[in-house]
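Read through the structure below, which is laid out as structure tokens, and then see the notes.
Chain nomenclature is as follows: A, B, C, D, E, F, G and H, assigned in order of appearance, with residue numbering initiated at 1 for each chain independently.
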Amino acid sequence: MSNMKFDDYLVKNKFPLFWCGGCGNGNVLGAIVRAFEELQLDRKNTVVVTGIGCWGKADDYINTNAFHGTHGRALAFATGIKLANPELKVLVLMGDGDGATIGGNHLIHAARRNVDLTAIVVNNLNYGMTGGQYSGTTPEASYTSTSPYGHIEQGFDLCKLVEGAGAPYVARGSVYNIVQLQKLIVEALNKKGFSFVEAIAPCPTHFGRRNGMKTGPKMLNWIKENSVNIKQAEKLSPEEREKKFVLGKFVDRDKEDYSTKYEKIFAIAENAE
Amino acid sequence: MEQNRRIRFIQGNEAIAEGAIAAGARFYAGYPITPSSEVAEVSSVRLPQVGGLYVQMEDEIGSIAAIIGASVAGKKSYTATSGPGFSLMQENLGVAVMAEVPCVIIDVQRSGPSTGLATKPAQGDVMQSRWGTHGDHGIIVISPSSVQDCYDLTIQAFNLSEKYRTPVIFLADEIVGHMREKAVLWEPSPDQIINRKKPTCDPKDYKPFKPDEDGIAPLAAYGSEYVFRVSGSTHDETGFANSKPDNADRFIRHYTDKIEKNKKDIVILRRFNLEDAEYAIVTFGCSTRSALEAMKIARNMGKKVGVLQLVTLWPFADDGVRELCRKVKGVVVPEMNLGQVIREVKRVNENNIPIVGVNKVNSEAITPFEILAGIEEVER
Amino acid sequence: MKERWEIILSGVGGQGLIVSGSILGEAATIYENKNATLTSSYGTETRGTFTKSDIIISDGDIYYPEVMKEDAVLALAQVAYNRYVGSLDEEAVLIYDSGLVEDVKASRAKQLGFPITDIARELGNPAVANIVALGIIVKLTGVVSPEAVVKAIEGRFIKKPRVVELNTKAFNRGMELVKD
Amino acid sequence: MNRVIVNTDWCKRCGICVEFCPVEVFTQEVDGTPVPEHLEKCTGCRMCVLRCPDFAVEVEVDKDGTK
Amino acid sequence: MEQNRRIRFIQGNEAIAEGAIAAGARFYAGYPITPSSEVAEVSSVRLPQVGGLYVQMEDEIGSIAAIIGASVAGKKSYTATSGPGFSLMQENLGVAVMAEVPCVIIDVQRSGPSTGLATKPAQGDVMQSRWGTHGDHGIIVISPSSVQDCYDLTIQAFNLSEKYRTPVIFLADEIVGHMREKAVLWEPSPDQIINRKKPTCDPKDYKPFKPDEDGIAPLAAYGSEYVFRVSGSTHDETGFANSKPDNADRFIRHYTDKIEKNKKDIVILRRFNLEDAEYAIVTFGCSTRSALEAMKIARNMGKKVGVLQLVTLWPFADDGVRELCRKVKGVVVPEMNLGQVIREVKRVNENNIPIVGVNKVNSEAITPFEILAGIEEVER
Amino acid sequence: MSNMKFDDYLVKNKFPLFWCGGCGNGNVLGAIVRAFEELQLDRKNTVVVTGIGCWGKADDYINTNAFHGTHGRALAFATGIKLANPELKVLVLMGDGDGATIGGNHLIHAARRNVDLTAIVVNNLNYGMTGGQYSGTTPEASYTSTSPYGHIEQGFDLCKLVEGAGAPYVARGSVYNIVQLQKLIVEALNKKGFSFVEAIAPCPTHFGRRNGMKTGPKMLNWIKENSVNIKQAEKLSPEEREKKFVLGKFVDRDKEDYSTKYEKIFAIAENAE
Amino acid sequence: MKERWEIILSGVGGQGLIVSGSILGEAATIYENKNATLTSSYGTETRGTFTKSDIIISDGDIYYPEVMKEDAVLALAQVAYNRYVGSLDEEAVLIYDSGLVEDVKASRAKQLGFPITDIARELGNPAVANIVALGIIVKLTGVVSPEAVVKAIEGRFIKKPRVVELNTKAFNRGMELVKD
Amino acid sequence: MNRVIVNTDWCKRCGICVEFCPVEVFTQEVDGTPVPEHLEKCTGCRMCVLRCPDFAVEVEVDKDGTK
């Protein structure tokens, strides 16, 4: 295959992007296609599976194979795709609502089952697509279109959750630290087994607007100010840490993936007959 | 697979799993539920023996999602469930419709709405199988009445699913699923198996939702030369989202039309003693057995009774039933529900002949005698 | 010979009645080219209470798979026996385990008691009571040939010769009980 | 000197490139369109390229002039 | 709450939320979805102002579960969704049926099966609202055609739900949900509000599923003197599981009968110019508006056209429509779907008069002119 | 209220219990009603919410208020019940299939949302009710009716998962260590906020039979041999620990529960009007 | 006076057309006891593209809520202008923002251009262009009284006197534009 | 001596009480029914009560004889 540039993976005739000005989705898309370039991914053998949401429209701009399913179920569709053809490289792009609120069960089970998928959750702390209601990651005390008096739930620490579910690769990046984000995505794509990358991203239109950060730059600055590196985080008290976006790689261990194990089942079953 | 050609004395659920494998299915994803679990269990043993995958998902929503994904990745796939799980599958059933993904969903019906009675039979999901998912759509629903049917018609279900690029519901019931009966597990020859059309055009020109002249678009598999996109949102021929009214109109009609306009090919009816019948029993699934027994008894009593078995429940056999209503003096519709198929019979009953339902929801099979009573009622 | 046989195997959960019914069905369908159906009622309530299987064997088609008129009923428990003893007619035979059914009542049906479970225990495993009973039923009714049943036992446990042996022995022992 | 090109068809005037260019290469038009005015300062770090959510910035680094 | 009595110019979805609160609802659990989200947003603002709770659940399955739980704990409760979410609710909708729990489910219909077109209207969930959950059951479905309806009929939906101890589906559509219109938010007087019957017997004797003479059992609330159990499995009067056939028969029939047998009380029809009508338009929801406009135009043209609006979609107004079909020469049924209500009209069309569907699924409203064309067709 | 004995909480006319001989469900039921006795719980103010499964039938034997819903959704029903009437003591009884496989999303969100509920998951490592298929907690390499060639997935460490989701009280007991189990249940019931107790229990009929432990005693001995106390566990290597049932209390921290926080919302909303 | 007015407000997303439509509707319904409907087309495709609102105001009942025959159309963008300029008839009036619509074409309708957004900017906030336009429409059509609109503005922003002031000014400025 | 009573209607003959009584108080009948035979050994620890999954064992501790 000829040398692919990052924008060879883009569907440019669909540009300009659907997303609002200052939305972080475009950055994550950029990090992904640049990771593709780095890995020289084969379009034909790649499937991008998306859910429903603003970020769920990302597959419109990626010219690999694509599956655009229902809200919250991307990982389940992806599991079928990958197990049916283990040769495929399967990326699963989900929002925080999609991937961690309605789709939380598929997320933890996919992590546990260790199917060789790469899940990228863009966490913009609310439901962008439907008008900025609170999601399972919305921080306590923030305002959304359905927490007009301030939100009273704690948000998930998604990386902790996915680690607790048993995933072999877990990392968090942010759109502000864009270079690191790309690096984590490359690592995740290289990982054999279930890999999970959370990307903290701005939704200026909804989360930003309702929390005093109407523009992309304001939201980016806020993300920057509220992020700490995993190393620095160690120095913080648990209470301080809970309020920060801790960025970096949390888990990276070797575990045989599902399809590899299934090969052994085939061998046993043949003999059992 | 020598045993595959043998006569077996097995449960309907086992025959369904064997039928799926015979049809070429190589991927099962499901979540156990009584009274369908034997389909899962037999599949978990048998699929890996033929290079197929069995995977249990975290729920029924994930199960149908996984078989849809697997199908687009090139494997014929299926799942099995019962009412509660079938209800959970409704949203993603719509994806299979919208994205035109072949797959077979087996619903072994049990008693009651909600959790009901897990081990008891009913035929309460007839309308749900047609209308359970939101929005307009067409669907094929096949209902077996014997263990042999479970085998034969499962193969047929896959064939129709592949031919029309559509999900097919295999609507069994606890009686047929759990009863043991003789079944001949024949090995289908290649021409008895239909596989989805693959594209033959230049990969650059491939549009996954552009129908051929027969109205059905070829479906490539992920990982081939054909790079393509599949979507559960309203999309155009390319699979990209498209909200133009004429596009919506075209595709939403297409999902219904490709089923309704091919009724001739899809609908299977079985006619028993209808040539000279004055009264007919219109039936399906396990109740067919009671109906045939009732017919036998009635004939012995000198009554000209025939049976029309709706092997295909949906698309509904409008023409066949309409014609029947023109010929006979009355119709009895026995159902283990409170009257679902009978609504459709009434809809096409243009001559307004008497139609009587024999409805039973106490979780026991309808007896032949109850049907005979129905015939007496319609005679009056 | 009768064209259609309707037999009920009844007892409590865990007695292997579905297995013996299946063997009978396999004997009829696979080895004698008859038709057969077997339906069982699965309880939801409590584990280990009354269960029954309906077996119909016929040379012709079988439509309604539930027994409408019993030719033979096996009762391996008092609760099962009680269920049938009063309702059977003269043409039926009621076979019961005389070790388990203590309270025998009057019936229009012909009643035959055998110490089925005791004999199974004698053979080394009370779990083959169902097969002993099968021997009795086959002998009494002639619904299938003993050879077909033995073939069905062999076919079913093809990889376990010891199980085949035990079950065949149990089946034969059941047949012999009737002879005696 | 480096060339910094903004694709105004794709640009959404979000101001991110302006805000985060380490050396303040950009100014903005009234409607928010970024103008790479102080090209002489551009270090070619490409952060504007990576930070633009709309793939609207390109930087051609002047190889001779690169620091 | 002075503003509560005012004339407002608001969206249908806002009026639904206001109607719910006026009806006494104090608990909302939901999961946002276009085009219903305004019901959630307004509820999140308004409920806490009146001591009510707004909680967003992790999905629609949990949402309907939460409102069922809240209702048994004594709060009138509701949720709002659209097709995809409504599909997900189907299993637990069965729990509300089986456990006879009052609650109101609002489905603001949008275009397409599956994800479809989120912001575009349709009327594609009519049959699903009746048959979407597995097993036999009855259900009440109400469909508004104006913003005022959204307020008035939401109150009515809660009233029927409380009266019959049953879930009620409020089947709106994107047009009515999103349009702004004048609405009078009147304050219902106590006798305009129905609350579920509470038990009055000795707490020891209370059986939560034992119907009074009116066929409906009183429902206590958790935390009162009455200790009781509620179950989604087939149960007897006490709420304990019971698998006896006659018990199953009794209760499964009850869920349908309590709706069907009270049709007189439940069904609301609106008749416009039907007295002298030669042709009738049978309609519901947003299409009512087009139908009335068409009627106006037709009358101006000298055609005797009337309109029958099915405010209550289910239980279906068999009698009202049957009678209409006896009186007029032909019926037009405009629907933003491929023909759902028309099936029911045909079912009761005993005289076999011509019935023509005007079906539109391109995500645009049916125009009056399209209905006029339908009338012309039926005139032929 | 008069002094309640543990068996005053039982529905004795439904005895003998539905469960198989040797099944651990009866033991957990015993631990619960004994905990009720210890706390002198008021029947009228208590609601037991169950899912569907063998363990899901537990409410049949408890004479408090009961809600028996659908498979996997008990926590969602319970959330509605509790929020509608915060005075109620709400127990949620779920199987490993029910509570952690199909119901996993409700579990993690309930933990995050911190509604004051006590969830007790009886983990018998498979789906008892439907015939012993594998669940999300079935250990790798074991045999079930749907893993005839040996199971290839790792099972959840449920306590880790629920901790990762943010629950303020997380503990694991076993039916073998029955006294400890009761103690943990008492603590959980006393906890304000979401409390989670996992009870490892035998299903001799299915999991046991297929894994060489056909009887209750055999399974209990196996559980005993494979359990370690949380203190002892610290001395094990991570690999060793992963193979054991670690028993004890993992999390116990104070967090304001949902209903308490909602009180503040009422106050704000009233003023906002 | 006309019994039924059919008005379209069109432009691109974010111009506040639903707000101005709502104010018109509120003026008509709350303060003049008329009937009114407002329907808007929500796009799915791209944020910031063509949108429109249909407003109908009538003394009688309003059934079909979409405009069947335009009395007045406001176009706040070229794309919106293009959509209507060709299809309107003589009885309609097409009001456009002369600052934003550069390419003016022939039309059977009466066309009136005003520098709406520029004036709004003059007033200190381009976001009130929609209210300036409202002033123009009300003045031109008389569909509701100016007093009713002012009351509607006051009612809507009841807690924000500065917003009321700005909007009222914008509205009056729009009215004046027609006078000129 | 303590009294150990087995409710044979509720007992399912699982053998748990037998297996786990620390001092082997129980023997079993052929069908598995536990028989509290060696009551003299009973320490009154009540583990059989807590371990019985079927609420089928009761222990009445002889207060005088308690160790």
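One rule holds for everything that comes next: a residue touches a chain if its C-beta (ideal position, glycine included) is under 8 Å from a C-beta of that chain, and two chains touch if they have at least 3 such contacts.
It should be emphasised that the depicted structure is a prediction, and the values quoted were computed from it without experimental measurement.
Looking at subunit D and subunit E, the chains that touch each of them are A. In terms of C-beta pairs in contact, A-B outnumbers the other of A-B and A-D. Compared with subunit E, the chain whose C-alpha mean position is the greatest distance off is H. Taking each chain's centre as the mean of its C-alpha atoms, subunit A lies 57 Å from subunit H. Centre-to-centre spacing of subunit F and subunit G amounts to 60 Å, using the average Cα coordinate of each chain. Subunit B and subunit E have centres, each the mean of its CA atoms, that are 30 Å apart. Shown for subunit H are the residues in touch with two or more other chains, of which there are none. Among the residues of subunit C, those touching two or more other chains are numbered 43-45.
Across the assembly, subunit B contributes residues 45, 48, 58-59, 61, 84, 91, 94-95, 114-115, 117, 120, 231-233, 241, 243 that each touch 2 or more other chains. Interface residues of subunit F, counted against subunit B in their complex, comprise 52, 70-72, 101-102, 104, 127, 129-131, 133-134, 136, 145-149. Per the touch definition, subunit B reaches subunit E in the complex via residues 61, 82-84, 86-88, 90-91, 94-95, 97-99, 109, 111-117, 120, 122, 124-125, 127-128, 130-137, 231-234, 243, 245-246, 248-249, 252-253, 255-256, 337-338, 340, 343, 346-347, 350, 352, 360-364.
Residue ranges of subunit A in contact with subunit D, taken from their complex: 7, 10, 15-17, 19-27, 30, 175, 178-179, 204, 215-217, 220-221. By the touch criterion stated above, subunit F contacts subunit E in their complex at residues 14, 43-45, 47, 49, 52, 57, 59-60, 63-70, 73, 75-85, 87-88, 105-106, 109, 262, 265-266, 268-270, 272-273. Interface residues of subunit E facing subunit G in the complex, by the touch rule stated above, are 6-9, 35, 117-120, 175, 178-182, 289-290, 292-293, 296, 365, 367-368.
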